[in-house]
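Here's a structure for you.
Note that the chains take the letters A, B and C in the order they are written out, and that residue 1 is the start of every chain.
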């Protein structure tokens, strides 16, 4: 296993600030909950020596909505629209993660057509999520009134095409509630594959332009190369997965290593970079977008016929009762390993879980901030934070 | 005409026209950036959205003017006025046409550079007086950037001065009418000096890629974080005005001022100014911002030596031409 | 992919060195609290489970004795830990700890930096304390919040105190 050779300066998150140089006049700056670039409400308390950060203390929890407690009162079938809003940029992944756990515990098998559909939706959702990331990364780097916004508008233009595809299937542009225990709720319409091929063609062409931007535009390269290096050891120890881990040189992707849905029927080529800096993370995401489009193109023509839902209800409304068991199921989301730990046997005579925990990749990514930020300037902080691609709904739940 | 009367009439006229143009540059920017981003821009207020600046001005005027509790009240209120004052001051010596010039100073170029240098003060004052760490950081960066980039600006402006042999802007324009615009002739020093002037003006006016002092995504609104209502409006008006005036100065110094193929006059000057102004916006909506240390190293390692070389090249050219 | 232990090496490790007898097929195996740290260390260093997975705490409130002569059920907390190995055949090692009320769980911070925040979150929401954690304070809830929201007896509609 080849790991990164990047030299990351891993700081001590528990640095006692009073032992810092006595004559340094440290300024405390709150990259406060209200800030254009914290991707939601997130507070980082920065101790600055001039422009350089000495210590960073993050304070998550501003978007904590008590989703896990709420899910103890909802039934398995009612939970999907709430969980949609965790990682609100990739709702398909959230739905699939929890339903996978419920299906394993319940013992219901997902039909093959539903597995293909889930894979296609997941990959399209990955592209849409990475497009949002790219647009907001541009805004972080370039300012809301400037070149960053141009990149943002272009990325969102492409994303609208994907959302239109999802609207044809589920009726919702966003937050779909299309997965259920045992399969999917909505089937794809007849001409959908043609639309998908057209969208794949357009976006693949534009992804080439974005890659050129990240690798050849001197300003992008200067702002992202060598900035915010997270090395493999730190990432593994913190539990960071996804593009951040792959950019650090670790070849790990759940789609290939622990396949679920229909990933065992496609060849997933995993993008790995070794530098571990912002540029590496950006390039990994661009390559992932390309790979996702390729997987969708391969699968969309071969979707097998059959039912999309294996579990037939015996009475309405649809009730799934699981009386005992506990376990964990996970998938590879755009931000990393998104998992669900369920302890069954809760209220409503087993129709609710006893305890539901969402293993959110963004929370692990945020926990690297005290280690990585010291030594960077404020501008680099914004670039690093943007390149970690956090979604606060998932960090705080 | 009495020089005082001439100066008074034309300064009022120029100031009014410039301020109106600056207000409509808001419309221009929004339409231009929208088209660059596959959007449409303002279309609702007035035909083609032309009355948008009036809507924006009314919106800003009716906002509450909040002064933070511990802010230095006098300086806080003074800063936006000073930015506007210095920007308009530069316009006093720019020759828009042979007659339309408020004050044809012998030391026009020095006057422009001095007023441009003074622009650092109000930005720093705003950063300090706001009693806000974000504003302070923005102010510090603005001072570093403003002072550093004055040097390449001065060096770039020295090239037309050397070639024309005079610091008066009208003389520089007249010399270009006789000998050809400096951007084309002499080849080499003229074009590179123009590029240097353009880059340094972007940095002086805090435009992207050099808009660190008001880096919105990092420092909320940087120097202008605590400003509300029309004071905020004045800052942005002053920034557009500074950009417009720099474009006019660049047109006068390098593009031949009011010279043109058919009928030399005011319209050519306006056209060239608008051309350079549009170029600034084009750069703004395409590029991202560079980091403060990269900005400093760009200035001191590349632009200043380039400026020195260009001034020497211009001097050599002038000496060579004078000899022949 | 449910998180019961499928990996042969993990099963033999648990059975031989850490005295785990029961491997139910619908729950992760239960490990004694005394073995917890050593197990995590063995998994990380010997079997290369180096990617930190998750920590889940759950609250099992006690039930008082219903009849005379019968003892009720004591209040207990359960912690489930997950670690992952990387590369082909990425394995997942999941195990559970059972703690009595007031008992402290050993913290994994010295082995995995990710345990820092995850254990803080479980302390914040369920109230399980971790021995050896350098900075055990609330993560999600405000610092001065009282009570542990994800406990089973915590009412879901507890009002939030008004802004001070």
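Assume a contact is a pair of C-beta atoms (placed from the backbone, for glycine too) under 8 Å apart; a residue touches a chain by one contact, two chains touch by 3 or more.
What you are looking at is a predicted structure, and each value in this text was computed from that prediction instead of being measured.
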Practice item. State the pair of chains with the top count of C-beta pairs in contact. Key: A-C
Point to revise | Most centrally placed chain - per-chain CA mean versus overall CA mean | key: A
Check your understanding: Which chain has its C-alpha centroid at the greatest distance from the C-alpha centroid of chain B?
Key -> C
Review point. So how far apart, in whole Å, are chain A and chain C when each is placed at the average of its C-alpha atoms?
Key: 25
Revision key, fill the gap. Taking each chain's mean CA coordinate, chain A and chain B are separated, in whole Å, by 43
Revision key, fill the gap. Between the Cα centroids of chain B and chain C the separation in whole angstrom comes to 62
Check your understanding: So which bits of chain B are touching at least two other chains?
Key -> none
Review point. For chain A, which residues count as touching chain C in their complex?
Key: 1, 13-14, 60-61, 64, 66, 68-70, 72-73, 100-101, 104-105, 234, 236-241, 245, 250-252, 254, 256-258, 260, 324-330, 337, 339, 341, 343, 354-355, 357, 359, 363-364, 366-367, 371, 396-397
Revision key, fill the gap. In the complex, the residues of chain B that touch chain A are 33, 36-39, 133-134, 137, 208-209, 211-212, 215-220, 284-294
Check your understanding: Which of the residues in chain C end up touching chain A in this complex?
Key -> 1-4, 26-28, 50-54, 56, 58-59, 80, 82, 84, 86-90, 92, 94, 112-114, 116-118, 121, 125, 134-135, 138-142, 149-150, 154, 156
Point to revise | In the complex with chain B, residue positions of chain A that touch it | key: 27, 29, 35-37, 51, 138-150, 153-154, 157, 219-220, 222-223, 377-380, 382
